[in-house]
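Next, two complexes with chain A in common: one pairs it with chain B, the other with chain C.
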Partner chain A sequence: MATLMSGTLLPPARETRLLVIKWVIALLVPLLVFTFVWNGEAAINQIIVGLFIHNSTLGSRYDWTTLIGATIFFVLFYGLLTALAGYAVAADSGRQNPIMLWISMVVFTVVPIVLISIVNDLFVGISFSVLVWVPYFLILRFWHRSRPAVASALPRLTPLNSEEQASLVRRAIAGGFWFGLTFAVLSLVVDLIYFFSGQYGTDSGILLIWIVLRTVLLPLAGYFLGRLSGGLALRHTLKANGKKAQSSKEAIDPRLNPSLLTGLSASRSREEARDLVPNDAPLNSSGARNFYLVLLFAFLLCYPMIDPLLFGPGTEGRLSLYGDAGRYVILALGLNIVVGFAGLLDLGYVAFFVFGAYTWALVGSPQLTVLTGLVSDPHIWSWLFWPMVLVAALIAALWGVLLGAPTLRLRGDYLAIVTLGFGEIIPIIAQNMDKYTGGTNGLSGIYSPAFFGVQWNVSTPMPYYYLMLFLVALVLFANVRLRDSRLGRSWIAIREDEIAAASSGINLVKTKLFAFGAGAFFSGIAGAYFAAKLSTVASSNFSFTDSVLYLSMVVLGGLGSIPGVVVGALAVYAINVLVLAGLDNIGSDPASFLHPGYAQLQALFPNFSFGNIRNLIFGIILILIMIYRPEGLIPSARRRRELHHQAKEDEEVEVGALDATPGSAEFEKEVRVE
Partner chain B sequence: MSANRVKDEPESVGVAGEALLELSGVTKRFGGLVAVQDVDLQVKSKEIVSIIGPNGAGKTTAFNLITALYRPTSGDIRLAGKSIVGLSPDQIVTRGIARTFQNIRLFNNMTVLENVLVGQHTQLKAGILGSLFRPPAVRHEEEAARQRAIELLGFFGTALLERQEEYVINLSYADRRRVEIARALAAKPLLLLLDEPTAGMNEAETLEAVKYIRRLRDELGLTILLIEHKLAVTMGMSDRIAVLDYGRKIAEGLPEDVRRDERVIAAYLGRPAREDQKAAIEQQEE
Partner chain C sequence: MSLFLGLLAAGLAIGSIYALVSLGYTMVYGIIELINFAHGDIFMIGSLVVLGMLINVFHVTEASHLSGLPLIVVLVVTCVVAMLICAVLGVVIERFAYRPLRNAPRLAPLISAIGVSLILEDIGKFIIGPANASAPDVLPRIHYCIGPTDPNQGCLGMDITNIQILVIVVAVILMVALQWLVTSTRIGRAMRAVAQDREAAALMGVNVDRIIAITFLIGGALAGAGAFIFMLSVGVTIFNIGFELGLFAFTAAVLGGIGNLVGAMLGGMVIGLIRALVTYIPDKDIPFGLPHGGVAWQDAIVFVVLILILLFRPTGLLGQRLSEKV
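Let's turn to the complex of A and B:
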């Protein structure tokens, strides 16, 4: 222990010290705001009390599942942040100015936390933050452009020897340890203030124990988490161990093989180097992304349990809404296959959703008795939901193929019009076949799914929330697998150049039909879920407007980019359903800060409500995005290249390039012939 | 047909005898325009045959007919004795014909490696279920495909290997041509159709291209049919040359014979030039 202490825990060397200070402040400020300004501390105290003193008034407010779920989340949350501190210290190459980082951290993390706490609504808070972020982003970009163009050196691509690798891990440990220590000390101070001002009352005993435990454990945890994140950082470095790349994988992966990396163009190697450590922007690298993904996953999984602690009453309503967002994500992912991967502009995607919804509606409801005379016992029949999801998806896929077949010889606009036609026809058919589909009134009394010991009905959104998470995870997995496969490549090839694709052996008909089928398959899944959750299906639920909405999700998020499409779907859903309704709620509440302005607007424009101007706002946002960021929110690398290839930042020619004589090898390398 | 043939025909190289590719009386009409008229051509295995002719002679149309981008109005095209008329372009690739294009049709927003991987489409078997579940067979297949793609890139030396993760749109023109050929090779063809492979290249690059085209035949055993405008290249590289003009084949045979053929000279240079040429030859003989 003594050697450990002397080696890593004493104040480290000067540059490491600066890095540690930089990142501890950067990550600690948002964490402190979350913990003490907002509800973090209060939530944790409630958990502690609830877990150990179940009889008190405070303790019995929440049930065991909530408490345990929330515990898991908070442990992961604080742990990941500590590990991230370690990773950032290890991964930082030291070139970036700390002040810029601190300002960015405040804007991107403290502002949303504060706003969410003020409006007490997750999505309204985030959308207000977006109003702050966009101007900040534009100011930053303007400022960067106005500075004299510094010849940006290619990112340092030198491999690290084993000594440097060891110091990387030491830095990570230092970062994690000091983060944990500082946080523990600061929380201790704040808690002592609370304690001595008598705010803890009768629960103070258990809380005091907790405070002491925490102060001791946090720095320890910081040490170990730092070491873990140091190991993670090591996996993303260029190593120079003197051994030739052994496995074929290393020979191919340019990030691990320095010689391959130097052969890439400036913009491409910058792309690759962003994932390497050390780095100018460590929070953007793929290693840091692992932290975010785990945190996101924990958040989504534990959300039903932390929502009451963070946002107060009303969890059920919120869960129901947020679960619905998942349906849009699935639809967007499905459409992404058709439009994003294969490049087939489909304007009638809602048709397949209709098939999926009615498949379960016809089988899993009293309508079945009406149609076939089979009497179904709801309790037993509900179990049929699970195989029927698959059946609904397959039926939707079949229709995808059938409706896609006539479009095969058409290009671009003509294909879009035919699909638009189908998108109109199918809901109208559903409406007119009222003997089967209940016409405009639709079918009701559709059974919910059944699962062991779980109550499913309209008033319990939690099982539906988890079902939706599960379905989204499945669909995401399927999409990623498809994209990185022979089939995915053939789709992208078709999008790029049909003739070249056919001349490379790709059967155009089969591949396009597969695209339609696969896209429709996912919408069938969403349809079945929709029918079960809403328990009613009416043809008025579906129209061309929905198809356009789904398409806008895909385009907004980034055509062909899976994370982009997910974000796009959530953004569109948030704007259309959550934000505007939330603004209405807040505005009509006389006590809120929005109310005066809201009342004014209502006086000026009678019938004004945010819900009413929904389409206006949505349209404006779409137009702005198409002008300023046509590649979408999170574009795939390809798409950004397609749309911004002419931009200056891509084509930086290093100064010495034009000295090479034409015809020589160096000339070819430097000057891109377009 | 026999009137067009030159008397001395060379021995075909490699597996002698049957023609690998045979066009018989192939005609293509686009409405009133006859792009290709009654063309006969035989390409024997492991031969390098060039098709030359002035612009608009129907050379690329002939290629498009062979690779089924167009369907012949009449006539037959046979590969290894079996007719390939009426197949779709991707089926042609499975039968063993691959091609490159006059103005390089690569998949611009994919990397070099991905382009060559797409070229292997017909050699891989993973379907939709295989892609979703990735059983070990599929994983091995993908790994082997990557390895093969790298080997194919290696055929051209280290230039492409170093840039395998680069998007093709960033590559130089000569490199893009090579990637296109590598993509065509990925399909394990028997017959390779190269449409103006040295277009836009300077002398040094052209020489290099000629070298690797020869290596395609010598090392990989491919049969090559090329369209070429640079007469020096065709003369130096081909076993036989066929000349098209206004959709008809006007000459065929060994390079030296075709070069001196009057009809060929007239087609390229026009009638007055032909008479100048005649006069020059007569003067030499005096």
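Let's turn to the complex of A and C:
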């Protein structure tokens, strides 16, 4: 193991073997837990049987689309993990201790899988595992700080020649191949045990064919996937170390000149060195992130199809809930523009949501007949949903500008109160003008959207889930482009210092109004979706509590950081809606492990349930996060440094703070003004 | 005319309650520049305390017919206990939710205040459930008439009840006491100093932490007293009464000039009057009335007033924020 710490770039063959062992074990253990402890194996068996045998007991309850979608997902899943194994072996510099890696993998992947399988509820399982992760993370950080900082020798940095490049790819191939082979052998053993104990019953013929096929194909797939990921790792390493052909770069490029690095402070030079060699933590690297993103994308797209296989019945209800989460994501992203980018504290954001919802409600429902006398045929009128989303968004944006105009001269707290006032007035108007809006009972019978060949009404959550995915993708794309645009940068400038921004030629009025308008635009989109999905809107759906909820999503996630806001929205939604309801379900289920404690609590406090104390828990979480982590869950790097500036100079810089090599594209992204 | 005067009396009564609560808001804002969203919920907890005292401790019911010394004892003890508990609650909230965030950027204590508000509302919901809870009538309702009386039409002047008079009198006494405290005592001087310039006050030997705690204490006590007279006059409470009432009280504080005590009192009265007079608007369509009548639009009108004030006179009626704070 000591030779692993030498820090040279391309260790000889023995090191390769050790690296392969390290990564194969690290990635194989969670995969085996998922496949054999949880439902992975059962799911695949059901898919195979369902695809080929139609009247068996095992697989016949799922239809074609479910099976094909699940097949695609599982192929991608196992393939990506194999490729990741190859990538990690190639990208690893060998400095990280394998034991630490294995412990981290167990804590971060095995623990949630086990917990989810125990409680059989995705979000309750994740929240329990968060309870495990937080102390682990704190212990790890404490331990890192208590150890004396060892200044490791900087490696010799030279561009890679073709032999070194080839050996890099060979490492990746070795990693992928051995991963595939080991997994195939192990699952062969387990399946033979199942087979000979007769668990497969009448379907065993087809499953035997599948087992043999798998044992042959997996190592082959490992070889090719390893080759692919080796190419990817090679590209990243070349970007980090410079290509040989460009000799002029050698003189100027400080990364290739170690003596320049010695002029920096000790922590900074450690940071630079770590960035320059293939990663100390390959799983955090940008190359690995590509794998995660593809996996996440496949997971989201295929989720309706794998959910019945993983969690059993009740898919429709779960899909409906998760689709709702997307609405909160869109709202949080819109509020992020106003509060996060432009720094205008908006406490009445729900007003724009109301506009969006009522726009589609007034046009796409029998209320239109009441108001204007036009008779609308539901089948044709439903197609109007798609342009009306845009119209609703534009109307909401218009009102955003109108309601934002009075606030332009106000600062901070007064702005908050005025927006709060608007957020209260608009629902009251909606409630009282019941000739148009239906008052407290609201409008019902709102049409769902129409699409080719899709049966779409209020009780089919799956089309709404895909619609929500599409809308979230659109809104995310728009937000990222807005943030990187000139307008986005002027918002950030206004947030940081208004006077300086005005002195730099930014038109304050126009930019602030644009911020309100853009933020309201996205809430209009969410409003139209909400009206269509719920098929009714009533003024009691909107209140200040919702505004507070959206604001807390943005603040908890990290003001101004788009991934942070998405995660914050999902976390707040999970806490508020999913986790507590899930805990209630588990607690009242007599067979679960929570039941005794739950029953006792209910005996003590007569009307106790987790749903009832939702606000209590949420308030406590808000206060704790404001005291201990005010920058949010995924803050932008700038804000983290701003809020924790007491962090000592000689301390280890956080791994996540500067992950990209200086001068590369990702580095520019890291230090952008945000 | 008598209807109008009657509404005037009712408006002054409810306005006094708003004034008491808004004093808490304005003092806290003047001293640490924080909108204390939880203050309205301290009021709500105070009303729960009054409810508990009347029903569980003194066992007052409709048929009790207290009078004389027992009545005075019940009222005074209830009021004092409510004020004490709310004062302590205010100090505890400041100590745990606001003091760690003293130096954080503006958004953090605001979110923390919202968190405290959520917690208190849930505790209230836990104690009395989600529905209204009403207090028994302790004082008999006696109507007085200021002005001529007509045997056929009743009172032609101002029709005021003894409870309304009591409310206004208690509120005025407390406000005068607070004004005396702030202007004529050492603690009051220290409070004004901390509001003006925290660091300079610390340099002059003022214990800033203690003064801020005392501010929250006084604000809480006033909210408790407001809750007491609220339960006497209106008599009905619900777990989320704190939020809206707090908002109106903050509007009152802004109306009078934030940081200005007399302004808060004045603003409270004005907001109460506006709310009462708006109910006069008939239930007709837009040009001549409002749909569902003025009663349904009371809240919206108050917010419109707030927005107009902030647009056209952001320093409030009496405020000169830059030169003098309290």
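Odds and ends about this structure:
By our rule, the second predicted complex is superposed on the first by the 579 of 674 C-alpha atoms of A that agree within 3 Å, B and C clash if a C-alpha of one lies under 4 Å from a C-alpha of the other, contacts with A are read in each partner's own complex, and residues count from 1 in each chain.
Assume a residue touches a chain if its C-beta (ideal position, glycine included) is under 8 Å from a C-beta of that chain, and two chains touch if they have at least 3 such contacts.
Predicted model only: the values in this text are computed from it and were never measured.
In the superposed pair of complexes, A:485 makes contact with chain B only, with no contact to chain C.
When the shared chain is aligned, no partner comes close enough to touch A:401: not chain B, not chain C.
When the two structures are aligned on the shared chain, A:499 is found in touch with chain B, with no touch to chain C.
In the superposed model, A:548 makes contact with chain C only, not with chain B.
After overlaying the two complexes on the shared chain, residue contacts for A:616 are found with chain C alone; chain B is out of touch. Of all residues in chain B, those touching chain A in their complex are 67, 69, 88-91, 93-94, 98-99, 101, 105-110, 113-114, 117-119, 121-122, 124, 126-128, 130-134, 138, 142-143, 146-147, 150, 162-167, 169-175, 183-184, 186-187, 202, 204. By the touch criterion stated above, chain A contacts chain C in their complex at residues 345, 406, 409-410, 412-414, 416-418, 420-422, 424-425, 428-429, 431-435, 544, 548, 551-552, 555, 559, 605, 607, 612-616, 618-623, 626-627, 630, 643. Residue ranges on chain A touching chain B, taken from their complex, read 248, 251-252, 254, 259-260, 262-265, 267-268, 272, 478, 481-482, 485-490, 492-493, 496-497, 499-509, 514, 518, 638-639, 641-642, 645, 663, 668-669, 671-673.
Within the complex formed with chain A, the residues of chain C that make contact are 29, 33, 35, 96-97, 100-101, 104-112, 114-119, 121-123, 125-126, 129, 243, 247, 250-251, 254, 290-292, 296-297, 299-300, 303-304, 306-307, 310-311, 314.
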